[in-house]
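Chain nomenclature is as follows: A, B and C, assigned in order of appearance, with residue numbering initiated at 1 for each chain independently.
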């Protein structure tokens, strides 16, 4: 079911191989040499495919499964029709990730430099890099090994990019030092001026922005997202952060390790997040706010003051989620009386 | 009043011609050979222009009309000053659309391929296509007839684009099959990785995204909008959908026919919409939610659970709009007591 | 502390020079010939740097200051440790802006035209302009003096751009007349079609958009922001407006002078703002709404009806901010009972 125009199929694999890759047990050992070439969702898998069944809510649909084989759990295997070959493991979701990687590869481009790319003689590139059409790499830029700089990407003067990084189509990187294993998606804008002004004689005079964007290792920044550089201190994105599309990170924001910002989040200037903070879609954080590690804030919430670690918050203004649910119920009931 | 630097004027037209184009009746037949070269809004039309008057709220302003002619309805014509030549029809808004098209044309570029475009010899283009400066069309791409691929647009390997499509400046298309008559606006990002991770040993491990974006016929996707490709099943945009600027459509979302997503809407993963659903600006839909056909959700609302067909909802969390109005009134009154 | 890879240091300066630049008094005149080469935040300044101290909330941290010198106020100077050389003035924030500009300059590119730029022979450029790699300047475009058109920017037919303007990387300008001293940030989309349709036989038929975007003098429009052109009348951005990243301004919107739109604001069609209106982050304004001059609307608020001048509003739907605070307190208390 996976479209081979877009993803190279490395299969087929035998069920024995799949069991080993996934750390799963093949319940009927006589099927070990049967082969599988493709994977699909439980609903769409046909009699040639393997699928995964780990969502308890899908029990009712499991009986309609048409797949050749299915990786599931001991608990859920009883819901699978008899014609399906069953493999079981503790974590079928993790198994699916492993099988995805074993069976398919993205058509990653070969390492080559497009003739139309504009690479300054004062820039340095590591080994094994790909640079796409029209990409611009300015003087003083240092790029590590195994990087993929896609078409129309622009990397401004003196930026540093580590190893194994991918800079998407049309992304623009400036005033930035980036670690290894980062993926900046298409159209992202890194290092633009922060939004800082001072009213002088009726005019909003721009405050010069003299900071940088410091991006750790293993960071992803989504398509058309914006991360502004610092005003004087830096904007910092910690190791392992995942930032979704169309997100705004203002000047001097500091994100700890492993934070998740879902699409269309907006974080105002100088706000600091601890580690593994999760912000749901369209969340807004005011400026100069501190959010403790592990705190989760539900979609569309608005935060105007500090929140400690380990909280789960919701609403605009945000309150603990149980309180938000009670507030909502109170207002809904008051009206129905 | 329309700026001929930007729009080619095909006029002038006689009022007889205009009446025919618009399906309108010229009340004073002696004016049939008078000519009109330009159109303008009711407020800005001068003594050479034609304007349209169909908004009942504008009755008070109608007396100040300076236009040469006005297309209106039988009901509203009495509010038009005597010096204005009046045409009436049942639907002046539709008439305005027809006259817009008859009197002006966008300066569409001639079909030609810019020398600086990078078109793979393994790509195919139909007849009568325009390809702008620096556009990149990768190997295996199939593009239909009469398409307009604008400057700096990038179309990745093996994508399929139907006839009469327009891909805007700097738009980026990947892992995508697109029908006919689509317009992807400037800076839109189609087919990027969905935002799916799995925590393994403290690291957010990316789940390989192996799906596509399937776009029907007659679809518009706005400037800087993002439509991520599916994780395994596809992200699907139905025929006739209209998606505004800066909108986020996550992986595995399915939109039915004719849906309207106003600017800055965000739809999380695997949420399904029926046909002709309307989402107001900045609406957020949680993941795995189903919205029935014809349902309308007011701006800034947030939806966390399924909604049936034909509903009108508002609020975060969204409730039926009348209930939202009562809730709002209840809280406002409680405070004023 | 400022990274000289990104910002050219024009120092060092003596404290006497700094006092003059900043309009500050050096309290210990014997230090007049001491030199300063760098500036930093109060927290990060080391024994070679100058810093600024004007935030009363930072009194407690002032004792830990390690800077060589500090510009502060008469009121706050007593909190500065004895080892720091003190300068005082009435407005240290303004002083910091002046010293920023005196001590650093952005590495602005020299005026030159990249060989890969595509400039129509029917376009005109003023003196002293920079045009980056792959930039596209179409026929009939007029650009003033001292402009900076960055890499991959695209300026469509017949647009007019004044003097001293900067068009960022990959920004796209169409159907636009722009004044002097404007900065359109990277990835911004100016002049795309407004989102206007009419349902005809089950199809959303596009209404031709025949207007322009008129941008005044001294306007900034942020990264990946969108300003659609008018449908018939124009979209107008008044002098001195500051529009942040990822903001949506729909067709026929009119902004007065000096308005501030923080990131991710969305303004629907035909809404008019007076002068110096401030919209916080993620604010949404419905269509055809009028907002009076000087009104401020707090982040995430939603506005569905007219608001007079000089108001401070909050909430969705927005109410006067004091009322919003009372409403919020009422609901929170009702639940805690």
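In this section, contacts are C-beta pairs under 8 Å (C-beta built on N, C-alpha and C of every residue); 3 or more make two chains touch, one makes a residue touch a chain.
In this text the structure is predicted, and so the values were computed from the model without any measurement.
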Between subunit A and its twin subunit B, rotation from the CA superposition, multiple of 5 degrees: 120
Subunit C against subunit B, contact positions shared by both copies (same if over half, else different): different
Intercentroid distance (Cα basis), subunit C paired with subunit B, Å: 28
Residues of subunit B whose C-beta touches two or more other chains: 116, 134, 152, 170, 187, 224, 246, 264, 282, 316, 331
Residues of subunit C touching subunit B in the complex: 116, 118, 134, 136, 140, 152, 154, 157-158, 170, 172, 175, 187, 189, 192-193, 195, 197-198, 200, 202-208, 210-212, 224, 226, 228, 232-233, 246, 248, 250, 264, 266, 268, 282, 284, 286, 302, 316-317, 319, 323, 326-327, 330-331
Residue ranges of subunit C in contact with subunit A within the complex: 1-3, 5-7, 39-41, 43-44, 93-94, 96-97, 100-101, 104, 106-107, 114, 116, 132-134, 150-152, 168-170, 185-187, 218, 220, 222-224, 240, 242, 244-246, 258, 260, 262-264, 281-282, 299-300, 316, 328, 331-332, 334-335
